[in-house]
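I've put the structures underneath this note.
Both complexes below contain chain A, partnered by chain B and then by chain C.
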Partner chain A sequence: MATRLEIQKTYKIYIGGQFPRTESGRFYPLKNKKGDIMANICQSSRKDFRNAVVAARGAFGGWSARAGFNRSQILYRIAEMLEGRKEQFISELILQGLTDKAANDEVSLSVDRLVYYAGWCDKYQAVFSSVNPVASSHFNFSVPEPTGVVAIIAPEESSLLGLVTVIAPVIAGGNSCIVLASESKPLCAVTFAEVLNSSDLPGGVVNILTGSSEELHSHFSSHMDVNALSYYRKNKNEIKTIKENASLNVKRIFIYDKLVLASDKAQSPYLIFDNQEIKTTWHPIENIGSAKAGY
Partner chain B sequence: MSTKNSLPDFRNTPIIDQVGVEERVARFTTRSIKKSSKMQGLKMILNMIDLTTLEGKDTEGKVKQMCFKAAHLHDIIPGLPTVAAVCVYPTMVKTAKDALKGTGVKVASVSTAFPSGQSTREVKIADTKFAVENGADEIDMVISRGEFLKGNYEYVFDEIVAIKAACGSARLKVIFETGELSTLDNVRKASDIAMYAGADFIKTSTGKISPAATMPVTLVMLEAIRDYYYKTGRMVGMKPAGGISTSKAAIHYLVMVKETLGGAWLSNEWFRFGASSLANDVLMQIAKETSGVYQSLDYFSKD
Partner chain C sequence: MSKKQENKIGLDFKTDWAYAPAPEDTKHITLQKQYDLFIDGKFVKPNSKKYFDTINPATEQKIAEVAEADEKDVDKAVKAARKAFEKWSKISAKERGKYIYRIARLMQERAREFAVIETMNGGKCIRESRDIDVPLAANHFFYNAGWADKLEYAFPNRIPQPLGVAGQIIPWNFPLLMAAWKIAPALAAGNTVVLKPAETTSLTALKLAELIRDSGLPDGVVNIITGAGKTGAAMVNHPDINKIAFTGSTDVGKMIQKSIAGTDKKLTLELGGKAANIIFEDAPIDQAVEGVINGIFFNQGHVCCAGSRLFVQESIADIVIRKLKDRMESLIVGDPMDKNTDIGAINSKEQLLKIQEYIKIGKNEGADFYQSSCTIPSKGYFCRPTLFLNASQSHRIVQEEIFGPVLTIQTFRTIEEVIEKANNIAYGLSAGIWTDKGSKIFNISSKMRAGVVWANTYNKFDPASPFGGYKESGFGREGGLHGLMPYLKF
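Entry: the complex of A and B
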């Protein structure tokens, strides 16, 4: 019998619920420790990013309008799907250089982190809202609302956990996002997109690109239709450019260069809060307490 | 056979090869138009737009606001043209005319019981006259699709002739609502009827029915215009309307006009886009070309 040829997976990017190749047609080879090619990875271009922003903007309205409880259900669903494909992620992590135990831990922690944020979806509003005492006859209250389209440059050192850690708080808070995955460890990014795609998450809420931060960070930070940018790497020059470019439309910039992904500090309602805007409402009321008879 | 005001001889009408049309159209989308030629194309598109509001909820305020936009597309960028015209309902013509005084932007009015066209001829003529008396420079009429599909071509022809007479000096655009005509052969037939009846422009759609303007339909109409021009020497304009909302699509249309009719049609005297959201997309592209940064709709006026 002839030996069977193994069917290799084509790693593509994830935009608007679809899996296109990069429009640029470019790719880079991903090698393992021995120097063998494991896969060809899309080298996304600024136009892929532009398309992703259009998709994210389109998805934002519907996603942010969903009840927190419904977002919670969907995040939990993502966790379920991830759990179901555990073996695949573990083997991809091992391919990318992790030990069996480390790979196992990373996938478990990723699932747990999704469940953690699923729990917060309909609770952070109550935590961060307030009724404010004011000196006039107004009912004055503040509530958090999602910032909008968030661009994310994910940590370089982690393939799966990094991705989950950066995406979950952003979408839990009702934002849509475009994520640039780790350049040297991109395998899980594409597989994670397949998980997202089968989890009732509307297309466009999460868009995942692979490629180089050096090439893309200036476009991530200068695009006028991006409302916030989270940066999880340590390159000082890139941080400087990002901050400068962000002034164009006064993007919210968050630099998380000291976040330890595996620690408890990497999951917190405050990470949801980072991509929220506080809206304060002054609602006129009759001053019932001091009302007198009007006649 | 006289070419003026008599129904064309359909035995001479070419049969439309749908597969051929689609293949031809696909090739228009492969032209590479970049940098300065793209900029010129984008400005040309702006200048060819009929900025349109045709909704039951239109008010004078909305129309005035749109008229301001028509003449001041995006003042932050110097050197932008105005749009060609605004397109409104007959009751809004006066408001639009006043608001556009001195800007050179034309006022187009839909008429003849737009969008369905289901009314008597008297009502349609009165509708048209009302718009013209209020100052409309252009009239966008709809044909009676029901009569057309029944095969009552004489009726459609006579109706266009009658409306043309009611227009006086206003230019007449004839809307086919190609989404309801079902075949490209019908589109070709309707084009011939309208042009021989005296239309100054032929227009694809009302924008109320999907599909609205598509490239195959537009190509069939452009070819009808070309054949008519060769036969009679009279130029007829073309206006695809509805569904063209991106600059990229609009540039494809320009390519198609240029390669089918030639450069003479590349001005707003002979070619228009009926659109409401296209203008902002073109403006975003122009802003991108000038600033180098991708733009957001947040920074462009809605109407």
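Entry: the complex of A and C
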């Protein structure tokens, strides 16, 4: 019986809805337990990151202006696409060292987490808004609005669930983002980009890079057109550098070093709220007749 | 319209409309010659043994001496706050609220005294300190007092807890009001406080310390220490502070953010601004002009959310500018203690020099300079209301915060253009919109990358209303339900 040669996948990065290799031409080999090379992963550069920020900024206006209901449908669509490609993710997770059961659980939980956040897209506003009863004759209300372009350094220990957990609350809230995937477990990140690309999510809303946090964290945190940064690892030196660099343009920094990804506490509308700004609008109320009007 | 005609005002103000002097009585004020640090419920001498003068910027005369806190004093204050936190965070929330209510009431009772001292020490006109600063400060205590035992209703599915010791550093433009913005929510949330007022305006904070001592608030819950940047740095770098809340310049805010990078300290920053105040051709023009005047000349323009960049739609630019000049001509600049005064003294010589430097820069950049013709006192620090017409987006006077009574004017044709220009700046604190069309207001409001949008009004504040910036204007909110969040963990 003639054996068929398997077609291997070239793992790329995801910028502006496109799948380029890194502009630097660099790669790092990803090996399995036996030491065989499974893939050559893009070693993304500062320039790749800067390109991704341009894409994210370009996508922000349109994405943030979408109705919450529309974002909700798109997140749900991502979940549908992921569900449909479950087997591929399970096999990648097994390749990266998980047991069958753990791989199955991780994919299921990832799908469910997307559905969870899909539901929040048009609801967190009601939870975090307020009509403020000011003493003067004004209508005054506060609403959350997305912070803008968010850079994310995803957890190292998880290939898929980590990625979904960090991206979903950011885009549910109308932000665009650039995510650095797990360096040692990057396979699902690239495949997840394919899911995103086939799920009506506009290009540039999520950009995914592979590479090293040690190399990129200072660029992620010093870029002047990045509004916020979320960091999901535990390296104290990187945290310090990130916080210092953040002062260049008053970035919002969130360090999630205690999040247990598989726990229900790793999903919450408060995680959406972290990347929201509160906007308060005032307008006078005309006084007609004797009784003052107000809210 | 030629430049020469443009610079003419439309109305003649050379009439007999001069106001008789109406000075506020200052005799009922009691001030000491020298003020110590308020630590652990008592006024104590500073370890540094140093005192610095605080003056009246309208007369340049010394009012009192104020202690300069050094690192040891800061440490002492933090220790007192830490010790007090153990008890304060455990007393019932209802009782905590009652203490804060009591502070609010005492402040209302002594409101006039606070207003007069605020005006003496800071240069703002008595009309504003009496009608805005002090009542609002009292209201902030009153409003937040009520939250103390209701916090779990504010944050669904969360159990709010205090952070610990909050280090709070406030600016000189609204000394008492900023102290209230900072202290009231911190206490309501169960924290204890070390607060440092700005070095030019310490007196109302020290009077507040007296009031707090008299209120029976447990010792050490609020500590008020005075000094300049060095004292502030010692607070920021103190290892036993859990949270820093800072209101002031973006430069200093960035330094603070950087210096606490290696720590777990929480941070809120309320920094500079350069707000766009936008008048559309369908705006009620007289109201808009009034709003623009209030937007930039309120508190001598020493307002982080001042409407310092005016954008006027081209079709109405001539009439708006003429009316602005007319209205500027009627503004009374002078003795802040006079009840008729509209624009008081610039807060310090340093700030006056900074404003004058920016006026020079604006002239050199080629914008058209215009000031009202009013006389200003020969002594004290004063600045005439100032316009720069035909300013460009790239001018430094358009991009940088001047923090004085200086307005730049740009015109625009389309909505897209003005949104682009309004947002094309590092700041994002506030914005103003003037139009009679409601649907336009909601569109522009949602597109302004700024934390507070005033539509057909400007410079309105309320304890129930969250305040704070986007981008380099800082993060975190003060006021309202959202203003509690920075003082809680969940």
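Please note the rule applied: the second predicted complex is superposed on the first by the 284 of 295 C-alpha atoms of A that agree within 3 Å, B and C clash if a C-alpha of one lies under 4 Å from a C-alpha of the other, contacts with A are read in each partner's own complex, and residues count from 1 in each chain.
Assume contacts are C-beta pairs under 8 Å (C-beta built on N, C-alpha and C of every residue); 3 or more make two chains touch, one makes a residue touch a chain.
Nothing here was measured: the structure is a model prediction, and the numbers come from that model.
Contacts of A:H219 after superposition: chain B is touched, whereas chain C is not reached. Residue by residue along chain A, chain B and chain C are tallied for touches, and C comes out ahead.
By the touch criterion defined above, A:S45 reaches neither chain B nor chain C. Contact with both chain B and chain C is seen for A:N249 once the two complexes are overlaid on the shared chain.
In the superposed pair of complexes, A:T22 makes contact with neither chain B nor chain C.
By the touch criterion stated above, A:N207 is placed in contact with neither chain B nor chain C.
Once the two complexes are laid over each other on the shared chain, residue contacts for A:S230 go to neither chain B nor chain C.
Legend: residue contacts after superposition of the two complexes on their common chain; A:S159 is shown touching neither chain B nor chain C. Taken together, the two complexes place residues 248-249 of chain A in contact with chain B and also with chain C.
Those residues of chain A that touch chain C in the shared complex are 127, 130, 132-136, 138, 140, 142, 145, 147-148, 227, 240-244, 246-250, 252, 270, 277-284.
For chain C in complex with chain A, the touching residues are 139, 156, 158, 250, 253-258, 260-262, 269, 271, 426, 441, 445-446, 448-457, 460, 462, 464-468, 470-475, 477, 480-482, 490.
Only residues 293-299 of chain B touch chain A when the two sit together in their complex.
Remark: chain A residues 50, 53, 219, 222-225, 248-249 touch chain B in the complex.
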